[in-house]
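Here's a structure for you.
Chain nomenclature is as follows: A, B, C and D, assigned in order of appearance, with residue numbering initiated at 1 for each chain independently.
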């Protein structure tokens, strides 16, 4: 397996850390260290994985020359600092999404990684799902015709975060998917949003992404919806994909998109909303995080290019930065 | 019945006209004239209603002093001119939505109606549905707590229109509902959209409405979705309504909205997306258009104030006008 | 059109009669008489169709030699008597489902019709839906592989009838579909059911149909379900159809049925419930009753064999009769 | 916790065994032994739980006087023999469902347990779900009115088993729920089913349960449905519960059941399928198996009566036995 012989330190054993540890083991790698400031979390880690070194001091892991790579599962505010330390200590780096809180800091991390010939990768897990792989495949084969729009809703009753707003928390999923499946880059962004809490951290936001071509993207994110919705429409000239991630087995549905543009008043009567057959492909059901762990390991051991390439992570951060400016400016267009 | 003794001329017997005729009769009124430029449509009308006068010349109806009111079911571009003629001929006027293509012309119609003491009303049918009546009732009783957001999706595979874009076609439904259920008025709007056709008429659009208070509204409209979605979320501090108009019997669902704002990292683990019970009220199932017809008749015969008051129609047109400017300006905020 | 020149008398203008009248006109036939014992219903008919003769006396229609055919939309108890009168008066006959209340009376009607060279047909409307036509087509092409089971649920909150139980009311739909799409005939039936009302008319019932081959059918009908369900599974060796008639646009879904029969204990772990792609074909959306009306007219004017052939109607009645006996006998198998 | 100080041996570490081990630990008990004939499974157990004794010889566990209780997660054919050995070795016993393959053997186990003053309990996990607890609670409070029917569908694409048919595999869930929520016992059963495999083990079956009162139960089970359905309707005179276990958050919906019994032909027009409001209660989301483990531990340590009392297990086995006879006899009623 791609992870064979690789020693990894996982920094942060909160919500996501245990998932990373489990999947690195599943990918054949060895988790050599688990680092967390909370002794209770470390004790829990030790019970589950008696052979792993646990420590509250990240330097123990960074100074151990047997450690090849570091995986960072901390709040966003720590990403830049810890990733930089790890790169400077000659470790490959995996960091949770979003990579950093600013374009500048993301660029700096990438620059260091390139200079030191180390992997820097961001865990955009959705790129490793069977659904997104199928969508990518279909678009690569031009099965949808020319792309016309991308429209995503990602809302639920979430815990409000303190260090980032809902855009930074949820939109990275949609932006990374969008960057992955299309080659064209947005030229500008308009965003609106609102905070209902004292700290003024937005919990509802809407992003519109403008492109050079006849394509538009829209992302609707919220922490205050009592129902969980994860629904993305990708409209092409001939086919439209509806990707519903909440649906257990029928996540990706492919519809005909054909419609009639009529100048004739008599044709104003539209009765049939469905033009053609619908097709629901079977998807690969491997756990996405396992694929992600393999992809990172492969990038380290075989220099393979991961689906979640750093260039996507950088696009995500750049777009989030511009979107936040527009949001403060009530929808004013910001160039990228 | 409120329509008793009322003589109405219906102008336009295309898609919507027959529905108006049927429901005016159901409301107890008499449809005295059906006017259409197409003789085939008139012949069809005559077969269904042998006693009605059919004519291609609107003046026959306007000059008949027995005619009390005129209902206009024509493309938007004709609304202002025909409604003005009817008012000047001393008829009460019902016009399909949106009332006109500009704020200025809507204001002029209202001014003439007020001066001549005639009813001018716009057929915002949704205000007469059991669902919207229930939502209005609940908000009036403060059952949702302070309103925080309104988020609506209204998309389907529709016929592209030539004289107005998708905002003018579909957003009036959402804006009229919004105006009806809340007292607060938006202060500005940001809109984005795109046309995929040669005539540059937008077929996809997104509107964000800003308010003085901690409230935001968002409307997503499209003519190019292969599935029909009509789903509106109305979030209050204590309860959230999800109104799904495609659902046959469970259109309005009421959820608890409570959530926790936590500063504690340990609480970042969120597992349960549902906080409380869900409640699905039984709705009045009377045909909305029948209620609308009654409401117009009552406004004429009893001077009662209709749910779809002209002030709502004016707000709709004003907002559409500002939204269209913002749309051309890629999301720039336009004051109202 | 197939109905051209045909004069039809519609007997019964209650719930279903108006639909028949409208669709006979749509099929090009002329409805010459509407017969009902209720003067109010006749007045209503006259307003809608001023040219039609209305009468409370069926003999007016039967004695008019211009009348070619009679369509009977009365409660089941009247079917046999009225259909017999019409046949003896040399009229072609369409009768609502089920044809009669006993196998014997159905056989007698068919015998008279054959002797007099008249059409006798029962309105099993579902055979004329786009959904059933597509299912028939697929089975004809052996697209499902060898049929293994048919499992149907047809429940809702219905009005309790006095002259027939829920089996006679709802199961004819399923049995007629089953008879239409398969060639094999059931050899016996077992039924269970219950009445919750004083008149002991069953409002819940379950039917199991046994076949010579490795096929089984099951029908679940109820008048006391607060939700409406119309869902039929048709399982073949390679494909399974799920036909959900409540679904507005995706009524027919086709699944892979493949599964593994394993003797190996290690294989007892089953994780993936979906084996292959799902396909949702576009269906013909012509109103089924219009197709039925055309089919009857074609049978009269062109001697074409209707989808809803009398042999299907006879099978339905025979099976209902046996099922009712089994029901009284708590599931005991009754041969057909 | 109820499990404190309790030493348990888990027999069988295949599909279900690991879940039992995890949940016994969660309930505070100590899993002292894991027994399996397969060394690979034991090695897997050892990696996950280094402190547990693993062995292929069940006698090691039975002879250890520190072991208080034995949990049996083996194929049904082994239940009787192993449970009997364990009871005779003075251990409390938990056995997976169904308890045994015959009424006689279940009675014998219960008799031994009573004589030796040991707990014998069957893991009917569904009795410990938030959904069934809520349903039980509502029925206890007579919130549904007099019960009229129970109608359950439990179908999916499952692995065919060799030692028991689909009735023994899936129906225990429904029968245990039914036994738990109602006091009345069925008096007889009618069953139909079919095998599509060479070994003649039925993979589709339908059960009708008859009662003294005006109540009926029906259970539809299948291993050959390409979609997973777990949907139970429980109809009372005033309210009806629809329990959909596949639904992630809205598993239990409560509907009004009121309907009209009319003798009046004019009332044959039924348009509104919904009579009242719908209510979706919030459910306890604790893992059912954890509750079950606690319940068993409490029965051992505190002599508390478990929800899944042995009397329910016995009713399940008795009914399955009668149902299988009826199935072989094509629906003939078998008394219980």
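Criterion: a residue touches a chain if its C-beta (ideal position, glycine included) is under 8 Å from a C-beta of that chain, and two chains touch if they have at least 3 such contacts.
Here the structure is a predicted model, which is why all the values come from computation and not from measurement.
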Taking each chain's centre as the mean of its C-alpha atoms, which one ends up farthest from the centre of chain A? C
Between A-B and B-D, more contacting C-beta pairs sit at A-B
If you average the CA atoms of chain A and of chain B, how far apart do the two points sit, in angstrom? 39
State, to the nearest whole Å, the distance from the C-alpha centre of chain B to the C-alpha centre of chain D. 53
Residues of chain A that touch at least two other chains are 227, 249, 273-275
Can you list the chain A residues touching chain B in their complex? 14-15, 75, 148-149, 151, 153, 156-162, 188, 190, 192-197, 204, 206, 208, 210, 214-216, 218, 220, 222-228, 233, 235, 240, 242, 255-257, 259-263, 265, 267-270, 273-275, 326, 329-333
The answer for chain C against chain A in the complex is residues 249-250, 271-282, 285
